[in-house]
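Working notes for the structure below.
Chains: A, B and C, in written order; residue numbering restarts at 1 for each.
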Amino acid sequence: MVTVWDYLPYILEGVWWTLGLVGGGLLLGFAIGLPLAVAQVYGNRILKGLVEVYAWFFRSVPLLVLLFLFYWGIFPALGYKLDPLTCSILVLGFRSGGYQSQIFRGAMQSISEGQFIAARTLGMSNSQAIRHIILPQTLRIAIPGWANEYAIILKDSAICFVLGVMEILTRTRYVVMATLEPLLPYFIAGGLFILLTYGGTKLVNIVYEKTRIPGLIGRM
Amino acid sequence: MSSDIVLKVEDLHKSYGNIPVLKGISFEVRRGETKIICGPSGSGKSTLLRCLNLITKPDKGRIWLEGEEITDRNVNINKVRQRIGFVFQEFNLFNHLTALRNVSIGLEVVKKMDKNEARRIALEMLRKVGLEEHAHKYPAELSGGQKQRVAIARALAMNPAIIFYDEPTSALDPQLIGEVLEVMKALAREKVTSIVVTHEMGFAQSVGDEILFMYDGKIIEQGPPLQIIQNPKCEQTRRFFQRIHELYARENK
Amino acid sequence: MSFWEEFISYLIQGWITTLEILAVCIPLSILLGLGLAVARVYGNRLISLIAGGFVALLRGLPLVVTLLIVFFALPKLGIFFPPFWAAVIAFVMCSGAYQSEYVRGAIRSIDIGQSLAAQSLGMTKLQEVVHIILPQAFRRALPGITNEIIYLILYSSLAYLVGVQELFAVAKHFNSLQFRPIEIFSTTALIYAFMATIATLAFRKIEVKLRIPGLEIT
């Protein structure tokens, strides 16, 4: 007789897909969020307004709705027929960009304005001051917030099962259907997510300790 | 214009909204000179310094640095600022960089200097302010006086034509003021051209070449330190120094 | 009936269900958050351990997994919930666990002198917690709680997975009839954004109303 345990490798394979969703979403979110934060802190009024609208939208709409809106609506309308994985990564990334912009903005605003002025008095241009003085501090201060974002996006990635991405939860549901045994598969999936949540957070904290600089305290 | 005039200011005006802060400031600084600016708070001293390196845009008036008009629209302001050192009341060290890198970053980023060369100069500057052995500490690991000395080294490293000090000892605990003033005095004796906004009258008397006394956005009296402090002509100046004198007398008790 | 008329009448039904879910979940999750925080800080070792374990578990699990376990797996153990209540239970447990973290942090941030003063007046521990500690801690935790309530509003859409006919479920159903995803899902998106924004403003109002000098967030 086939038991749930026979399906374990099948579920475990989903970890790679889950990590793909998380890694892709986090990186895209970083690539979007950091420039947005710079624009929000140092940009003109129009730029600030645009960033605010972007962050507001992606932080005020459920991921579920975004996934359906982009997968069935926006991407096809733009002429892209994306596979579920790519679409999910893009949506997770757009959304995380909204959240990450707020993490980086908070970090940036916690850096004293005097340092920026001091950089300018040395003859640095605006962009040199941002690049050499503001950003290195921002990134370190933002690490705890970033660890938090990892945990959030990891847990949200499970929602991508609605598009059929072959991540942990999708596979778990297939196993439930095949074995008609819901308890164990869901517990396995839950255990995997807990492991990934706390393991990943721990890892980021190690990086944080390694890059620690006296006087630069990170904030959630 | 004579070549030994480093900085020349003519009829400088600045308002915030409709509140005038600078109402026509004119003066010159000669090479090697240490100019002291003092006056009651709100008289426009800090605004003046910030206008002089265009961190704050003056509304009207002209400024020349070594003969070049820097208020000219076509001047590259970042190039100009390299030639003006600035020391802040609140130090404003870069918190993510060691003392050494704080001093070298301007050379690397702005002057595009080779890293090793920048490092060599930075070490030399730190030695000059007596902090060579603290080169690898981060700002959070330094005392206020040490931070300010690093800030002075940072300004000095750029080899500026002039250094502005904006109340460099006002944020320091009394027992830390001395070490910073010693560094500043040594530099003044080396004939490093500077403008110092300060209420340290001992410092002004020992190395200042001239005091400009500001009141309500104008320079109302100027002259040699001894004369201004002990025998001022204006009523406001007299009252100001009397107040300072009383303050110090009380502290020394 | 035109597309929009029909769509709106659908949406309103779903929206009402969503509001029902929230009306139950918001107060219950706040209570659970306070309860868990108190249990962790003031409970004996066993209670504190249980509460702490519960919070760690719920914060480590994706809400969607919690929800599926409550609805699909627990019946195997003889525990049945109708869809609406399965969703409510999952949402309240999850949000309560997250909220408790803010409340716990806030309780910890309150000066020990407050506790000593309460004891010196002869208050019991319960009186001290209810009358002195929690009123202060709640105010400090409020911005964090607000955030969690916003999340709760957004994640309430997951209830569709267990068959609750809430806002997203009716939108999805309507889309399967009409297939006009851009109009349907962007309208749905804006309704959620509207609720989240209203909730943000409302909680900010509450924060201002409850504000006491010296109890600001530091």
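Operating definition for what follows: a contact is a pair of C-beta atoms (placed from the backbone, for glycine too) under 8 Å apart; a residue touches a chain by one contact, two chains touch by 3 or more.
Keep in mind that what you see is a predicted model, and the values were worked out from it rather than measured.
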item	value
Minimal step count in the chain contact network, chain B to chain C	2
Contact-richer chain pair [A-B vs A-C]	A-C
Label of the chain whose CA centroid is most distant from the centroid of chain B	C
Chain occupying the most central position, where position means C-alpha average	A
Chain B and chain C, separation of their C-alpha mean positions in angstrom	55
Cα-centroid distance, chain A relative to chain B, in whole angstrom	46
Inter-centroid spacing, chain C versus chain A (mean Cα positions, whole Å)	22
Contacts with 2+ other chains: residues of chain A	none
Residues of chain A that touch chain C when the two form their complex	56-57, 59-66, 68-69, 72-74, 76-77, 154-159, 161-162, 169, 173, 176, 181-183, 186-187, 189-190, 193-194, 197-198
Complex contact set, residues of chain B against chain A	53, 55, 78-82, 84-86, 88, 90-96, 105-106, 109-111, 138-141, 151, 154, 158
Touch list for chain A against partner chain B, complex	111-112, 114-115, 117-125, 128, 132-133, 136-137, 140, 213-216
Residue ranges of chain C touching chain A (in the complex, touch as defined)	57, 59-66, 68-69, 72-73, 75-77, 150, 154-158, 160-161, 168, 171-172, 175, 181-182, 184-186, 188-189, 192-193, 196-197
